[in-house]
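Okay, so subunit A shows up in both of these, paired with subunit B first and subunit C after.
Now for the complex of A and B:
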């Protein structure tokens, strides 16, 4: 029973090997058996842990936990594991028609799942580093999977830049290992207040955070994300935007709890706001349907970061909840966009017309996703955004900033919705598997929106005392939509020169690295506040 | 220009801070793991080489993932370099380059020694510096030197990749055998009471498997790049 964490990691890995070795069509169905097995195991483990919390951590090999590697599950990791298994099942249902005979694709997909599940559970800094590297490499291969020039360039850009980031993580980890003589996160957390030298602690924190910033595409270092997510196959984009980007945020929560530095809370709040605004600005200027969605990932990550870096508990859980919700609706939107692109063979928002006529069912699912991302009442995005806003209501200025972000998101998706109108002679080519995948995701969006209290209690063990569905919030949403519509009609539709400039802005690899250095330097400057 | 100058200034400030931190660090060093490994490794893991003791016993979980990185990279590169339907058009790089007789003969002389040295590094991994990863790299160079002797020697390319995956699964199986004997995963499966000579069988076995796996992986990476040669 207590070894289920390890089975969760190695069942996908071994079945991926079997799929690769046999390379048979029948064997490829193993992917669904694997998903079913690990979901059953996870549910069993969840019930077991609730009864016996002392088994939540195991040390591999039975060594002292300061020496060996410890796997540990807490409320966050369990929620993330459920989410991971869910999204992976959806993606494998979605892409199975296309990839039925592609054993290699399924091999990488399943191996990535095993590595990701390991990342969520490990409680060891070096193990975390190894797993981050594996995840970057497999993601690169999956991005390049189409083998065309654009994809290869985007994939290598992603790999190079993320490797540079990981090196900073390694440096920070070496400092920590030197001071504490161990790599176990829990042990370090117990002893970290004994170190009275701020310079060392801040240096380690800044180095680790710069890696995490690259990994989760924060404001100055986000340039790899739209390239990679735009170039990847749609099912992989859904996976990358929904989950893999969140691995950075997940590690960030861990590192933040480890260091417990209050000085940087404000910094990351501001950074989150800038990520959100810049993401929206770029999204408004784009015309490529996948690029729009990719830039929205950046802006939503900004919102999550704003939620996570406040001291207010409810806002923090709002941020966590938004991670889950964003994974659901963003993968829904990406998968839907993939189907549209395949039918129309063009990716420009201004040229795709009449989606509602050609694919009515798919359009309804995509509209569910759009309502969720803009934060419509009764959908999941509304809940988490309201939870985040709840803690900020007293600070009028910050509330106003949040309102601007919401208007931007609404404007951008009003622009996106132009694809539904008009006429088209094409025939929809959605397969039943893809429809099932989208259907499950949209049902999940609505269920999480209606019964969020139940989920919060069961997964995070917190009660949310706020009444969220009040008239005030609903009115705010409609006002946001109206302002967004007016903004779209008056400004965005005219496609001013500013937006053209932003659209054609080309950021070289050199500049990206310069931005990374700047990002680290601003953190150093900020840390002088505490010294 | 402004970018370059500001970059230089920023990097200089960061360097100064980093050096200052290095000086500060001296007062805070913690030697817990250092002393633990020095005093316990031989008793715990039956390995005289502390590094081998760490990567094959204390942190075997990490090593499995490190081995899998190579596996992923190999399958990724092989996938990237193969193009459907163009198999016959591709030319080996060695068919174009003329290899001098001197190099061929020297390679023939060196080949057995390199093989022997690689196997030695792998098998003695728990006694002297070395181990599966390092020995595997040496073995791979030994195998690759056959390209100088006879370019057509390595032909069964898919077999190499098949074997590599199989070896990874067997590494997993051997390292998880301890579940049956000790009821813990990923450690030495031979009970602690037996003498150290017998316990090191586990280390030799794992080192050998890792070594062969690494060498096969490197050979397949190198060969797939050779096959890619411009036609």
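Now for the complex of A and C:
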């Protein structure tokens, strides 16, 4: 029973290899058997761990903890594992119609799941590095799967920039190894308070955080994300935006708990705010349907970062909850966008019209996703956003900043929603598989919105004491929507020169690297505050 | 060997990656940074007059084997990424007829 973490990693990887080797259509159905097996195993493991918490960690091969490879599960990783299995199942249902003869695609898809599950469970700094790199490589291959010019150049940009970021993680890890002589996170956590030399700890933290910033697309180093997510096939965009980007945030939570530096909380809060605002500004100026969604991922990551980097406990869990919610509604939106693009064969929001006529059922699901992302009451986005705001209510200025972000999101999705109106003579091309996938995701969005308390207690073992569904929050939402509508009608619709400039702004690879250096430099400057 | 040397290699790599306008040069500079990092880590495990760490022999001073084990993995990862990046740059040359970042990203389609 305590070896289930290993099974969770190796069952997807081995079945991916079987699929690739046999290359038969009937074997490809193995993907669903795999998903079912690991979900059952995970539920069993979850119940087992709740009863016997001492089995939560295993060391492979019976080595000493300090030199062996340790797998460890805690509250966060278990929540993430459930989310991972869920999203992967949805994506495999969604893309199976199109890809059921494509053993190569399914191989990479399943292999990526194994690597991601390993990343969530490992308790070793070097393993984290290796798995981050494996995930980067496999995601690159999945991004370029269409093999057109757009995808290939985006894939190269993604691969090189992410690998350069990861090297900084390696440098930070070297410093840690040099001090402690071990790479086990638990051992380091117990001894880190013994180190008097603040300078070296800060240096290690800054180097690791620069890699994590690249991985999770924070403000100055986000440029790879819209390129990669825009060029990938829709099912892969959903995976990348929903989960792979979150791997950076997950490692960030781990590293943050490891170092426990309060100095940088404020820094990352400010960075989160800038990510949110810049993401929305770019999203407002874009016309490509997938680019809009990709830039919204950046802004939502900013909101999550704001939640995660506060000392307030409720706000922290709000950020954590928003990771899960964002994964659900963003994959819903991306999958829906993929269906729209296939039917209309154009990607411009200004030209797609009459989606509600051609695909009524799909439009309803997409509307659920849009309501969630803007934070409508009774949907999951509302809950996590309210939890984040709850801790900040006393600080009026920060509350005001949050309000601006919400208005921006609302405006952008009012622009997005124009695709539903108007007339169209096209015939919808939605298969039953895709409809089922979207249906499950939208049900999940609504369920998490209505029964969040139950989930919070069961997964994170925390009470959410706030009365969230009060009249004040609901009124705020409607005011946000009204202001957003007015803004859309008066400013965004006119497409002023500023937005055209932003839309055609292109950040080259060299500039991105300059931005990375700048990002590290600002962190170094900030750390002088504490020294 | 001096760790300063590996820092110099890393800084040259960072300088190169911030200024090079050619895809192949960017890949080379990425390799430079990685090589510098690997050298730095191997350097830390090294000790003068250190011996091979094999159990059973009467040795007083050994070199630290863990950096070597870890860096082998890093070298493998680095070579994989380089290979994939080079393959992609061949594809890019077929599509766009150029290997300059600016030309490649300015062109439509």
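Convention: the second predicted complex is superposed on the first by the 531 of 531 C-alpha atoms of A that agree within 3 Å, B and C clash if a C-alpha of one lies under 4 Å from a C-alpha of the other, contacts with A are read in each partner's own complex, and residues count from 1 in each chain.
The rule is simple: contacts are C-beta pairs under 8 Å (C-beta built on N, C-alpha and C of every residue); 3 or more make two chains touch, one makes a residue touch a chain.
Because the structure is a prediction, the values reported are computed rather than measured.
When both complexes are overlaid on chain A, the residue A:518 reaches subunit B alone and has no touch with subunit C. Of the two partner chains placed by the overlay, only subunit C lies in contact with A:174; subunit B stays clear of it.
In the superposed model, A:508 makes contact with subunit C only, not with subunit B.
When both complexes are overlaid on chain A, the residue A:61 reaches subunit B alone and has no touch with subunit C. Looking at the shared chain after the overlay, A:126 reaches both subunit B and subunit C. Between subunit B and subunit C, more residues of subunit A are touched by B. Shared-chain residue A:164: touches subunit C; no touch with subunit B.
Applying the stated contact rule after C-alpha superposition, one finds that A:156 touches subunit C and leaves subunit B untouched.
With both structures placed on the common chain, the touch criterion links A:239 to neither subunit B nor subunit C. Where the contact sets of subunit A with subunit B and with subunit C meet, they give residues 67, 126, 130, 133-134, 137, 140-141, 144, 147, 152, 177-178, 514, 517.
Within the complex formed with subunit A, the residues of subunit C that make contact are 10, 14, 17-21, 23, 26-27, 30, 33-34, 37, 40-41, 44, 66-67, 70, 73-74, 77, 80-81, 84-85, 88-89, 91-92, 95-96, 101-102, 104-107, 109. Across the interface of their complex, subunit A is touched by residues 3, 7, 10-11, 13-14, 17-18, 20-21, 24-25, 27-34, 36-37, 44, 57-62, 65-66, 68-69, 72-73, 75-76, 79-80, 83, 162, 165-166, 168-169, 172, 178-179, 182, 184-187 of subunit B. Chain contact summary for the complex, subunit A toward subunit C: residues 67, 126, 129-130, 133-134, 136-137, 140-141, 144, 147-150, 152-153, 155-156, 159-160, 163-164, 167, 170-171, 174, 177-178, 506, 508-510, 513-514, 517.
Chain contact summary for the complex, subunit A toward subunit B: residues 3, 6, 10, 13-14, 17, 20-21, 60-64, 66-69, 104, 107-108, 111, 115, 118, 126-127, 130-131, 133-134, 137-138, 140-141, 144, 147, 152, 175, 177-182, 195, 197, 199-200, 203, 511, 514, 517-518, 520-521, 524.
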